[in-house]
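Please see the structure below; I have some questions.
Letters A, B, C and D mark the chains in the order given here, with residues in each chain numbered from 1 onward.
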Amino acid sequence: MLLPNLREELLYLHLQLPKNGLVTWTSGNVSVRDVSTGWVLIKPSGVFYENLHPEDFILLDLDGNVLEGSLKPSSDTASHLYIYRHRPDVNGIVHTHSPYATAFAAVGKAIPVYLTAQADEFGGAIPCAGLGLIGGEEIGKLVVETIGTSPGCLLQNHGVFTIGKDGSSAVKAAVMIEDIAKTVWLAMQLGTPIPIPEDMVQRLHQRYTRDYGQG
Amino acid sequence: MLLPNLREELLYLHLQLPKNGLVTWTSGNVSVRDVSTGWVLIKPSGVFYENLHPEDFILLDLDGNVLEGSLKPSSDTASHLYIYRHRPDVNGIVHTHSPYATAFAAVGKAIPVYLTAQADEFGGAIPCAGLGLIGGEEIGKLVVETIGTSPGCLLQNHGVFTIGKDGSSAVKAAVMIEDIAKTVWLAMQLGTPIPIPEDMVQRLHQRYTRDYGQG
Amino acid sequence: MLLPNLREELLYLHLQLPKNGLVTWTSGNVSVRDVSTGWVLIKPSGVFYENLHPEDFILLDLDGNVLEGSLKPSSDTASHLYIYRHRPDVNGIVHTHSPYATAFAAVGKAIPVYLTAQADEFGGAIPCAGLGLIGGEEIGKLVVETIGTSPGCLLQNHGVFTIGKDGSSAVKAAVMIEDIAKTVWLAMQLGTPIPIPEDMVQRLHQRYTRDYGQG
Amino acid sequence: MLLPNLREELLYLHLQLPKNGLVTWTSGNVSVRDVSTGWVLIKPSGVFYENLHPEDFILLDLDGNVLEGSLKPSSDTASHLYIYRHRPDVNGIVHTHSPYATAFAAVGKAIPVYLTAQADEFGGAIPCAGLGLIGGEEIGKLVVETIGTSPGCLLQNHGVFTIGKDGSSAVKAAVMIEDIAKTVWLAMQLGTPIPIPEDMVQRLHQRYTRDYGQG
């Protein structure tokens, strides 16, 4: 049996995407892994955020067999499942085309550490994976190869994937990537941003990981 | 007799324009062709979106004869009718001055395919037509000559026209053009965006057209 | 006696400013001339838009004598009155620091006609006046010298003034200047916008002035 | 005993931050000094703005001893307290990563006076302090060394601190810095903004400080 309220939580997480300006029309999706069964719950394909209901999400096992749900799952489902199979530490995944981050993806560039907020949250550059075909596992493979210890990466010409120990962490990473990408983009129009020295990045990241929030 | 709820649907579609940031003050308009009669329903000229009511829309035949409605129709009416007469596959048309897309129009440039979202939805570059006088059929002619198989095109110095098999498809194309134009615009400030190879564009477009959504 | 509902109308017009993203905190103001008495109603200084009530507006004669109201009037009052004394055709005035238009003002540049929307509404370039001290008539003199037949002008290093035959026309001009300034600004980052030929500007402006809206 | 309603006021001030687009997710914070006791009330670490309640704020003395509150205080608390100890004129402090101002911080540049709104409110350039470690007093020392008579300063690679005679003044300064940073940023993309001569800056600032608002 699924964790109680997992469908309601996934609906809440989806609604954070339009609220934070990360998605347009029906693009983007969130999935969560139910830690009691190992099954994955994901958005249906091409449905408006404001029309989503808890019962619309599709439940699948890690091999892609549909266990619950009558709608067609997101076309990124095989890639989500690939990531879950290869990253047992990941229980939440978010995909968006958020505009500032996707602009870096369109030029195929990682985002260097120019902001303490990025050092805090990401502990290093936000890497950019290559171009992959949508619909199969290819995107998932690129993410697993590229993302390393970062909570997120860019996908060339495409958008953003973020991961987390739960759905909420993955959504937070998706929100923070866009906020950071916007500020770095703005800074790059003013001149050359000042890199944060690597030892300072590590000190900021350790402090944040250890001390920030209510623990 | 018109399809039931066509006026209500057209009101709903109009409200998507300000909601998605595509229009300012009274600019922009949507029309739909009633497939049972071939008649066209369109926005009145210079009316605020928030003041529109279902009965305000003007019903015309394809020659521009007013069949229902006491308000003056949009000044783009003749151009909408021209498009409907020359494109029997089109049953919905949207016109906006959405800012990022119109910026490309002001420099007279098409939008190349740098994003998988554009490959998915448009299957190629978003073309830019020349400058035409507003108020007659001239804009409609430019759109028909330029748009080809794309769901949308730019109009030099002016704005955007999108078309669709129904009003909702045309509105979706108007929303996606602005989203794509914004991200491409952002990418062009970072350097040179990486073009998506033509065969990849076609594979993405075919996959999307065939598989995306609930079918 | 004032026209009935003039205070309510002025409140409504003020609320269009934050709604359209033209003002921040307490900046900006609108005034209207009551055509039955020639008196002017204007915003109090430094009051939040959401806290404004119809009775808060200050009524003055054209010499600046307060006729009704206990609050201190806007620090731009003397400039509004100067414009009303020198432009009998003007019954509404708006002042904002809307960001894109003010960016042009900060470099002291007029906005050339690159967009049909600007040809329609303004019939030419949007001029930029010099730098003036705030608090007296100096800004008003600069506006009268610079604005000509345009519904609006920029003020170097400062912001925007718009005028109209009534308050609503002046607010519309303030909204359209920012929308146009944004799109032109975006276009200038993409390359060199294509100027609209002067005879086309005049044809568009005449058509719009004569035919647009419900008349 | 605290001033009545100080907790409610601090909640209201926090809500101005997301309302004005200055913060993302849980970033940013506001503190106020209670003038009757000298104690400081501050945001808990890592809590969503929409989930804040008046009783969540932590009350501390100037040495950092917690007097009321069960949540962990903001990781910027030591820096807020440092500023209060060294600036007896300051009773409100705001910290944000607002994007346009933080872009200037990422390139380590002060914001020169190109806008009358900046002359009015800040009376000079908005300075930029160096890079400091988060979590201790280091940020507070940088702010005290750098801010001088300005209501706000930038922090290299990091964000913005503003101060005021009360919480509302500090929030106003945080809102105005972002608005000014945005407009100056936009102007710098159009060419070289025109500096306002220093004597004009002083005349504008004196006029504004003396005459603006309801006094």
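In this text, a contact is a pair of C-beta atoms (placed from the backbone, for glycine too) under 8 Å apart; a residue touches a chain by one contact, two chains touch by 3 or more.
Just so it is clear, the model here is predicted, and its values are computed rather than measured.
Distances between chain centres, each the mean of the C-alpha atoms, put B farthest from chain D.
Shared residue numbers account for under half of those found at the interface formed by chain A and chain D, and the copies are therefore classed as meeting with different residues. In terms of their C-alpha centroids, the spacing between chain A and chain C amounts to 44 Å. In this assembly, the C-alpha centroid of chain B lies 31 Å from the C-alpha centroid of chain C. In chain D, 189 are the positions where the chain touches two or more neighbouring chains simultaneously. Shown are all chain pairs that touch, namely A-B, A-D, B-C, C-D.
Chain A contributes residues 24-27, 44-47, 71-72, 75, 97, 99-100, 102-104, 106-109, 131, 133-135, 156-159, 185, 188-189 to its touches with chain B in the complex.
If you check the complex, the residues on chain C that touch chain B are 20, 114-117, 120, 172, 175-176, 179, 182-184, 186-187, 189-194, 196, 200, 203-204, 207-208, 211-215.
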